[in-house]
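Just dropping this structure here.
Labels A, B and C are assigned to the chains in the order they are written; within every chain, residues are numbered from 1.
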Amino acid sequence: MIKQPQPLPESHPLSRIRQFFQHGDLLWRAILVLISILVLALMLSIGWMLWQSSSNARTIFGLSFLLPTTDASWDPVNNLFQAWPFIYGTLLTSLVALLLALPVSLGIAIFLAELCPDWLRTPLNWLVELLAAVPSVVYGLWGLFVFLPMVVAPLGTNLAAVFGQIPLFAGPVTSSGASRLGAALVLSVMIIPTIAAISRDVLLAIPNSQREASLALGSTQWETIWQVLIPYGLSGILGAVILGLGRALGETMAVTMVIGNSIETSASLLRPGYTMASIIANEFAEAVTQLHSEALIEVGFVLFVMTLLLNMLARFLVWRVASRTPQEARV
Amino acid sequence: MNKKFFVVFAVLAIASMLLSACGAPATPAAPVAPEVQTQVVVQTQVVEKIVQVTPTADMSKPTDMPAGSVTVNGAGATFPAAVYADWAYAYQYVDPSVVINYQGIGSGGGKKAIVDGTVDFAGSDSLLADADYTNGKDLQMYPTLGGAVVLIYNIKLAKPLPTPAAGATAVTLPALVLDRQTLVDIFNSKITKWNDPAIVKLNSAWADYLPATDIVTVHRSDGSGTTEIFTKALASFSADWKAGGAQSVEWPKGNNVGGKGNAGVAASVINTPGAIGYVELNYALSNSLAYASLINQAGKTIVPNNASVQAAMAGAQFSDKMTATIVDSKDPAAYPIAGFTYLILHTTNMKDCVKAQKILEFWKWAETDPSAQSRVVKLGFSPLPAADSKLMLDGLSKVACNGAPVLK
Amino acid sequence: MSNYSEKIKAGYLRRLQGRKVINLLMLAVTFLATLMALIPLFWIVGYVIYMGAPSLNYDFFTQLPRPVGMEGGGVLHAVQGTIIVTVLAAVFAIPPGVVAAFYAARHPNTPLGVALRFSTDVLSGVPSIVVGLFAYALIVKPMGHYSGLAGGAALAIIMLPTIIRTTEEMLKLLPSNLREGSLALGAAEWKTSLSVLFPAAFSGIMTGFLLALARAMGETAPLLFTALGNERFNVNLIVTSGLKSKQNIGQITQRILDQPLDSLPLTLWKYASSPYPERVAQAWGVALVLMIFVLLLNITARLWLANRAKKLRG
């Protein structure tokens, strides 16, 4: 006869401890928390590292590093660094890319969410997503050897001929086509899938009652889309746009390959330039003086903060749409 | 819904037909290979392609280590990268136990890497600063070979060359000639058109062919010893050059673009009609690019080649750090933009003595083996003169590991 | 009076006509926009195949590069390097990613959960070049040399947010009775998570892995200052030499991971910006190989997901 051990009463301190440790759940929870904290720490340490290792550059150049100037110097010989040309290049190419990509992406989103017959929807969704999957160096290769000479160079020459008086379109266009315009065009192709996919999801999340109400009042389908659905999902679409902008700001390889890598102070879209990401890609591995690498890291820090802010804004906007349409969502 | 779709599609079909009829630029035309658009190819010397590397038996030491046991990592200047890659490739037949990896990332990158200790050896044609000697305490530069920085150009002629009569040889233009002041003015953007009188005056044969198009100057976007040699030469040529001579300088504002590495500059010039850029001679030869002759200090027009670089190297005065600058030489036969390229090593505290030995054996082989040296000339570089070579080998023999000299 | 209402009606009909035309026109424009966006895709894919196919042959995958000027040679080093850094990245990123996703899915509203999801979002937006800078400071500088290990770590940071987010979403999709049932049967929380929830969400999670893998495989920027490049990298040589000198697996692995290496995108970038026609031709070949890898991974992932959706529905 084996004597069964008497179970301890529930209230016994030892049993409390046993429950606490039961099945190793404490360990599991500890691992979960630890890893989650690690992910958090990773994000923070990226920011911290960039901030920390650019301290000299920050104290020496202060705000003049970032402020607009027409005569910026980036001079590793005399250790004088001002990042305005890169900030301008990044902002200009990204904004132009956004301007070009927005109507096309909205068109895609509307078509995919509202109009597309079912049999076509899946393949089209796939194709748009494949566009996002093409590696950025491949975009660069195609941009450099195909797109620049075939499209950008003639386009740039014509723009300069017609609008040459405006500083934004001042020539001369380099014959290879390497220019901020080329970078902006390639970027616009690259961010279309991002904006289109999120806008599509935003449109799909709008309750059907909105459509039905509008159609019942006699609106055409386009009027429904333009006057009801788009305003309804506006903040979500804005979020999509901002995420697209974030992607454009940080894009490195494709831009480095087509932008011409020249520290240009002219404002023209048709001239070669530099972006923040491409100056880091080109110079970081060979920045010899401490200050030079710190200046590059500071450029990285500015880029990090820009994308951080944009991401926060975008998430907030998308989240607002999501939280406003709780039950009725169509899909 | 469905009916509407038919209508929509009908509209679309018509619209897309219209669009394609307009010949949207997006329709791919016949694919164009990125071909050389240079109109004039003038150089006569062509790099002899290496068809096969034959193992040089005499140098190979019997080694009991299996093939590929030791990996040596080097990085730095793109200037000699063609030679180093070639040597590294050939050396696998000499001593299979070691794999030599040299990455052409730019002289600046090489110096940074050796100071930070991220590579075993570095290549650089730019000199180490005093601070680098302080940071990397036992660093030493050794000259390995010399070379010329040449000006490559891509000029779209104002009118086509006359077609030769049947049987006659094709009419060609001579190499473009530039003098020292003109060169500085071009890179200062003071001369901005190809048919500027200053250029025409030096090139009478070109008079009718130089176009009225803009000159695009192509420079290095990365820290580069090629840039250092070139800008030091410009600074020596004329007081008008204010940007100084260093591995990366602030280029005067103007119509210029940057390319990464010697290769990037060559690629930019190839792809940009109207461009002029500076690269190591090898990059011009191996791409059959036209390159300019320069008028040196003595007033002679000099074609960059082994002989004219040797003339410049002959006058080299080595400092106690085993470095010398040979731009703008007074020798009438010397090409004015020439320079040494250097190997950088840690002389006393290499951690792995086996690896240290493999590195030094490789460099000793490279400097002394006749087949290795002959390849230098074939690739468009210049081997060191005997005296400099001896200086370098003496230097290498002083390298120690754990207090004992590495080379026996 | 009737005349008046006729007029109104006629006006209304005219306007209606106009509105209908605008309607059709704009709907057509949206379709055209879709087509227009797809032109670059077909253009790129077609061009890469056209230019890249001629350089693909047996040597291309089995030979190391030769010095410029010599015929032939391949990109074996880059194929090996790509596989190594991507696998490394997966090994580094998947376990913590999945675990963090369990936390995010289970405790979405605790302060840590909110912070975790926020940092996931931020990480996914960090430019890849900045990740490269970070990996340089974190690994290359302290280790003292460039290495495949550092490259793998940099790519892991790129993969992590995608893995966390897709896993989290897949876990959230699971019906809650699955978890409750398991707990009610007395299984511990960790056991429920790993042997009930994880397998149930596996195919969805796998989709996330594959997409993250595809993205990491095509990245160049994080490798610039970490993996650097190595034209003479050859795993076969390292392994055979290691075996001959009686090194154990650990030592051999260390030798493989400890040195700089090349990946396909890195090689593509270097070759594309080189002036040598044969290198540029090879760059197109590399682009083709890379596209095939990436697109295959993507298509597999989508098929997997579609298949699973069908199963769930049926």
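As a working rule, a contact is a pair of C-beta atoms (placed from the backbone, for glycine too) under 8 Å apart; a residue touches a chain by one contact, two chains touch by 3 or more.
This one's a predicted model, so the numbers in the text were calculated from it and none came from an experiment.
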Checklist outcome for this item: Of all chain pairs, the one with the highest number of C-beta contacts is A-C
Item to check | Label of the chain whose CA centroid is most distant from the centroid of chain C | outcome: B
Checklist entry - Per the centroid of Cα atoms for each chain, what is the distance between chain A and chain C, given in Å? => result 16
Checklist outcome for this item: CA centroids of chain A and chain B: separation to the nearest Å works out as 37
Checklist entry - Going by the touch rule set out above, which residues of chain A reach two or more other chains? => result 115, 144-146, 221, 285
Item to check | Overlap residues in chain B, where contacts from two or more other chains coincide | outcome: 8, 26, 28, 31, 34, 105, 259-260
Checklist outcome for this item: Residues in chain C with touches to at least two other chains are numbered 27, 31-32, 36, 40, 43, 47, 228, 273, 280
Checklist entry - What part of chain C is in contact with chain B in the complex they form? => result 24-25, 27-28, 31-32, 35-36, 39-40, 43, 46-47, 50-51, 66-71, 140-141, 144-146, 228-234, 237-238, 240-242, 244-245, 255, 259-260, 273-277, 280
Item to check | Complex contact set, residues of chain B against chain C | outcome: 7-8, 11-12, 15-16, 19, 26, 28, 31, 33-36, 47, 49-51, 65-69, 71, 73, 75, 82, 85-86, 88-89, 97, 99-101, 103, 105, 116-119, 259-261, 263-264, 266-267, 270, 283, 286-287, 289, 379
Checklist entry - Touching chain B in the complex: which residues of chain A? => result 73-78, 115, 117, 144-146, 149-151, 154-155, 172, 174-176, 178, 221, 260-263, 265, 272, 282-283, 285-289, 293
Checklist outcome for this item: The chain C residues in contact with chain A across the complex are 19-20, 22-23, 26-27, 29-34, 36-38, 40-41, 43-44, 47-48, 96, 99-100, 102-104, 106, 112-113, 115-116, 118-131, 133-134, 136-138, 157, 160, 164, 187-191, 193, 214-215, 217-221, 224-225, 228, 265, 268-269, 272-273, 280, 283-284, 287, 290-291, 294-295, 298, 302, 306
Item to check | chain C partner contacts - residues on chain A that touch it in the complex | outcome: 22-25, 27-29, 31-33, 35-40, 42-46, 49-50, 53, 103-108, 110-112, 115, 122, 124, 126-131, 133-142, 144-146, 189, 192-193, 196, 220-223, 226, 243, 246, 249-253, 257, 277, 280-281, 284-285, 296-297, 300, 303-304, 307-308, 310-312, 315
